[in-house]
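Next up: the structures, one after another.
Same chain, two partners: chain A is paired with chain B first, then with chain C.
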Partner chain A sequence: MQRIGVFVCHCGTNIAATVDVKAVAEALGHEAGVVIAQDYQYMCSESGQELVKSAIREQKLTGVVICSCSPRMHENTFRKAAASAGLNPYLVEVANIREQCSWIHKDIATATEKAIILGKAAVAKVALNTPLTSMESPVVKRALVIGGGIAGIQTALDIAEAGFDVDIVEKNPTIGGKMAQIDKTFPTLDCAACILTPKMVEASQNERITIHSFSEVEDVKGFVGNFTVKIKKKARFVDETKCTGCGLCTEKCPMKKVPNEFNMGLDNRSAIYIPFAQAVPKVATIDPNYCMMLKTGKCGVCSKVCSAGAIDYKQQDTIIEQQYGAIVVATGFNPIKLDKYDEFAYNQCPDVVTSLELERLMNAAGPNGGTLLRPSDKTHPHTIVFVQCVGSRCDDEKGKPYCSKICCMYTAKHAMLIREKYPDTEVYVFYIDVRTPGKNFDEFYRRAVEQYNVHYIKGMVGKVTPKSDGKIDVQASDLLANEQLHINADMVVLAAAIEPDKTARPLATMLTTQMDTNDFFTEAHPKLRPVESATAGIFLSGACQGPKDIPETVAQGSAAAAKAIGLLCKNSITCNPCTAHSDELMCNGCSSCEKVCPYGAITYIDKEFRMPDRTTKIRRVASVNPAVCQGCGACTVACPSGAMDLSGFSNSQIMAEVDAICK
Partner chain B sequence: MNKNLKEQVLRSSGVNVLKCMRCGKCSATCPSYDEMEYHPHQFVYMVEKGDIGTLMKSESIYKCLTCFACVERCPRGVEPAKVVEAVRLAAVRQQGGNRLEPTDIPALLDEDLPQQAIVTAMRKYAK
Partner chain C sequence: MQVNENFEPVIVAFCCNWCSYAGADLSGTNRLNYPTNVKIIRVPCSCRVNPMFILRAFQKGADGVIICGCHPGDCHYTSGNYFTRRRITLLYSMLDFLGIERNRTRLEWVSAAEGAKFAATMQQFTEDVKALGPNRRLEDLRCRKQ
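Presenting the complex of A and B:
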């Protein structure tokens, strides 16, 4: 005999203003099995919970229905309350009459009717609920950080500092990311390499950190506390353990016409290369697209000059498999391609560059040794025009709808550095808005205007035309003066929008984490859980979650590390008991469930069955590993024979809810 | 501010002027800029404010080449040329007659004039 208690929450006026809560309690009190139905102002408050607890004890309840906010909000609260009163926590159901009812309706009569129906569905379900017991699952005390930029490095260092092993997987031959390419950092103008490279070295020397450079994540299986990850170490044709990084091979390599990606293609490198002098690990890599030996079998110079015998033309990609308790995503960003912006002549004129290219042009380790020269004729530019918001804040398919956040500050930095080093240069910045929130940021921008006399013009560049004399005509509007300008420039610098790295999308699929429409990873809560993804055990660090400058990235990297450490500290975690199980007598062995399972929790086994005629038969049936199953329910929907069922959300419970709604 | 006129211009242009983020790229890109008293970004802003009478009286509405460079390059998809055309249409309609009659055309023709210009002229100056 069911003894169900129903508790309807006012949530102040959140629910009570739109839903007649007393009528809901009254109506649900007449449902079969309901012995008590009450309403209260704040059910989640201590006295509200006491109401539930005493009812469980006094009325000897077998099930509880709370009509309140979303179960995401307070299901746990009420489950704990029930458990403390001696009722199995999985005998509690929450009917969401706030987010799915009072907040979206205006009419009291309609909202009340819907709240009653939602309540009836929950009553119908709770009558079929069974007590469930959680199991414990051990936590692997090792973390994986995907991406070796400043975000990944910071996260890895912090996790290692706490005493846990951590692996960094970086797809490029060196860690360091975008920060390694940057010349100076705002707002202090300290040298990026001077503050980054010590951290790179620290990461490589920390005995708890393993760096898998030139590697990519191939496959992720498992769940929080126990992920199994396959990492592909791409063949670099150099034995990492033998290479000393002397660089002789890169000097002697006869193939020197390879666009140097570290310098944004502004100069060339050899086919065997070390990206930059402070690379970590400082190991050479052969580019198979350009190496004559790998392409034609004729050359072998690097092998001959290498005294360490590190060159291995036969090296293959290798896969390593490793268990991790936590995974931190730090895949970073890239500037967008500007092919679609014909008006800025980026593809036609070498003197129209992106801001990241300008960083390399101004860097002492860049193509010009730190002297700012025009890429076309290697002369000093005397008039430079900066264009902001190229591809940012766009409402069309060419650009991105968001503000890229970092451009205002780095442009002020570039303008200031140029005016400082080359005072005879006129610098114009075309802006729509100057956005400089941040500590000492607006002061920095004002310094560019007031101290360095950078010409900030409110308006946008409409057209950039390379001229036959090598100059560039920049046609722009000055909105405050209400005129159209033509500037005879030597160089144009475009602040291209930034976008998440292209590897983020397939990675999100592997990790079963969510992304927004711009391919930035979605945090579990935009305010209160900013570094966790909605998937347990997956954390977010840096620009993969949204545009960020270096200080913010480092802060988020450390925050993600703290969250990962909190998980790794635990010896075991409580598993969700709402897992799938298969009725072997009904299973026809079709594999549909195995294919849809995102966690790899389902395997097929051959099992012996006794037939009615006393013979035995071996049949292939599904078997669910409850420690791996996350209870998503995909298999129960995919199963054509109805053999697969989910504890806590069984087929009969769901049908009972539907019946109650349709009655 | 004439509310009816504003509504008419918004409706006939199909433009949502509120999408404008005031970057001025339309005016930066406009080849007729120097000929115009009011520039493309001002058209968008003045229509937003409802100050359409001023625009209708201005010669600027006939200076727009309808080259659509502003439409092509606006990062917010505002389509300023359509706003200019809508104001022009409102002016032509209010005058109750065409600014250009087909019979006027033969006198204006010269050899270098592309045919497209005649079509455009009819579009711009007639109802």
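Presenting the complex of A and C:
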């Protein structure tokens, strides 16, 4: 005989304002099997939980239904409460009458009616719930960080600090990411390299951190606590263990016309290269697209000059396989391509540059050794126009709908640095809004306007036209003065929107994590679980989750590390007990379920059955490994004989919910 | 066909736990309205939805059934939504064969970040089902309310 308790939450006025909670409790009290139906102000509070616990004890409940917020919010809270009162936690069901009822409906009568139906469905389901016990699965005490920018470095350092082994996988030949390309940081104007490179070195010297540079994640299998990851170490044609990073090969290499990615293609590098002087690991890499030896078999200069004998033209990609307990994604961002923005003449005029290109032009290690010169004729620019929101906050297909967040601040920084170093240069900034939330950010922007006399003009740039005399005509509107402007500029700097790295999308598929429409990783909860993905054991660090500046990235990197450490500290974790199971009497061993299982959790065993005539017969039947099964339910639908079912979401339970809703 | 203004369809929505159910929660958090006709059943993955459940809903008097899952490629279980897509395609041809309006069943991809899409989809689906009128062909009259 079922003894079900129903508990309806007011959630202050969140539910009670649009749902008549007393009527819901009253109506559900009449359902078959329900012995107690109560409402309470805040069911999730200490006293609310106590109400549930005492009812379980006093009424000897066999099932509990909580009508409250989303089960994604408080299902665990109530399961724990039930467990502490001696009821199996999986005998608790939550009817979502807040997010999926009171918050979306305005009419009290219909919302109450809907809440009652949702409650009835939960009661019908809980009557069929069975007690489930979780299995324990061991945790591999090693973490993987994907991406070696400042986010990944910070995460790896923090995890290593806690005493766990960490591997960093970086697709480029060196770690450091975007921050390594930046000259100065806002709002303190300290040198990016000076604060980043010590961290890079620290990461490389930490005995708990292994850096797989020039490597990519090929495949991810497994689940929280026990991921198996294949990492492809791309052939760099240089033996990492032998190369001393002396750089002689890069000097002697005859092929010197390769666009230098690190300097945003503003100068050239050799076919064998070390991205920049502080690269970690400081090891040369041969670019097979340009190396004469690899392309034609004729050259071999680098091999001749290398005293360490590190050059290996026959090197192949290698795959390493490693187990990890936790994975942190730190794949970062890139500025968008500006091909679609013909109006800014980016592809026609070399003096129209992006902000990241300007960083390199102003950097002491950049193509001009830190002197700001126009890329076209290497002359000093006297008038510079900055264009904000190029592709950000854009409502058409060309750009991104979101604010890229960092552009207002780095443009203020650029403007200030230029005015500081070259007081004779006039700087104009065209903006839609100046957004400066952040510690000391607005003060920084105001300094650019008031102290450095940067001309901030509210308005959009309509057209950028390169002129025959080498100057650039910038046509814009000043929205506050309501007039059209023509500025005769020497350089134009475009604050291109930022987007997630292209590798993030395939990675999300491998990790089975969710992304939003802009390809940023989705966090498990936007406010309360900002560094975890919805997939257990996968954490998010840095700009892969959304546009971020450096302090925020570092903070999130450390937060993700803390979450990963929390997981790695455990010797074992509780598995989800909602797994598939096969009714051996009904199973005909057809293999349909095995084919659809994405985890390989289903195997076949020969089982002895006693027949009615007392003989025994051996039959092949499906057997689910509950430690591997993740409970998707694909097999339950594939099974033609109906032998396969899913605990917690069984056929009869879902049917009961359907019936309750349709009744 | 004459549209009965007072007809309030019963709509069952199966939402996968990882994307669409979270999307539905998000539309709630953002207070995006959609009709009360839609009642959501949470399933771990859209591939947990047995076509039998859909037929059962129609038999018991549902006027429309919508299945929501993660976008192709985004499935929490890697490939579940691909199975759903195939199964629902097969179900469509069976519904055609039975003479049941195809528009009473719908498969939609809604991610956890698409609260607005969820609300808009439910709004649209309810209107579509309203226009179709009550489900008569598959409803088991013995199941009808007394």
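By definition in this document, the second predicted complex is superposed on the first by the 608 of 663 C-alpha atoms of A that agree within 3 Å, B and C clash if a C-alpha of one lies under 4 Å from a C-alpha of the other, contacts with A are read in each partner's own complex, and residues count from 1 in each chain.
Methods note: contacts are C-beta pairs under 8 Å (C-beta built on N, C-alpha and C of every residue); 3 or more make two chains touch, one makes a residue touch a chain.
All values derive from a computational prediction rather than experimental measurement.
Of the two partner chains placed by superposition, A:R610 touches none, neither chain B nor chain C.
In the superposed model, A:C578 makes contact with chain C only, not with chain B.
Applying the stated contact rule after C-alpha superposition, one finds that A:C389 touches chain B and leaves chain C untouched.
In the superposed pair of complexes, A:C662 makes contact with chain C only, with no contact to chain B. In the superposition on chain A, A:F649 makes contact with chain C only, not with chain B. When chain B and chain C are set side by side, the one touching more residues of chain A is C. By the touch criterion defined above, A:K314 reaches neither chain B nor chain C.
In the superposition on chain A, contact of A:V461 is made with chain B only, not with chain C. Of the two partner chains, neither chain B nor chain C is touched by A:H30. Put simply, chain C touches chain A in their complex at residues 10, 12, 17-19, 21-22, 24-25, 27-29, 31-34, 36, 39-45, 47-53, 56-57, 60-62, 70, 73-80, 83, 87, 111-114, 119, 143, 145. Taken in their complex, chain A has these residues touching chain B: 343, 389, 393-396, 399, 432, 458-463, 475-477, 479, 482, 484.
Across the interface of their complex, chain A is touched by residues 19, 21-30, 33-34, 39, 41-42, 69, 73, 75-77 of chain B.
On the side of chain A, the complex with chain C involves touching residues 70-72, 96, 98-101, 103-107, 110-111, 113-114, 117-118, 121, 505, 508-509, 512, 514-517, 522, 534-535, 578, 596, 598, 630-634, 636-638, 646, 649, 651, 654-655, 657-659, 661-663.
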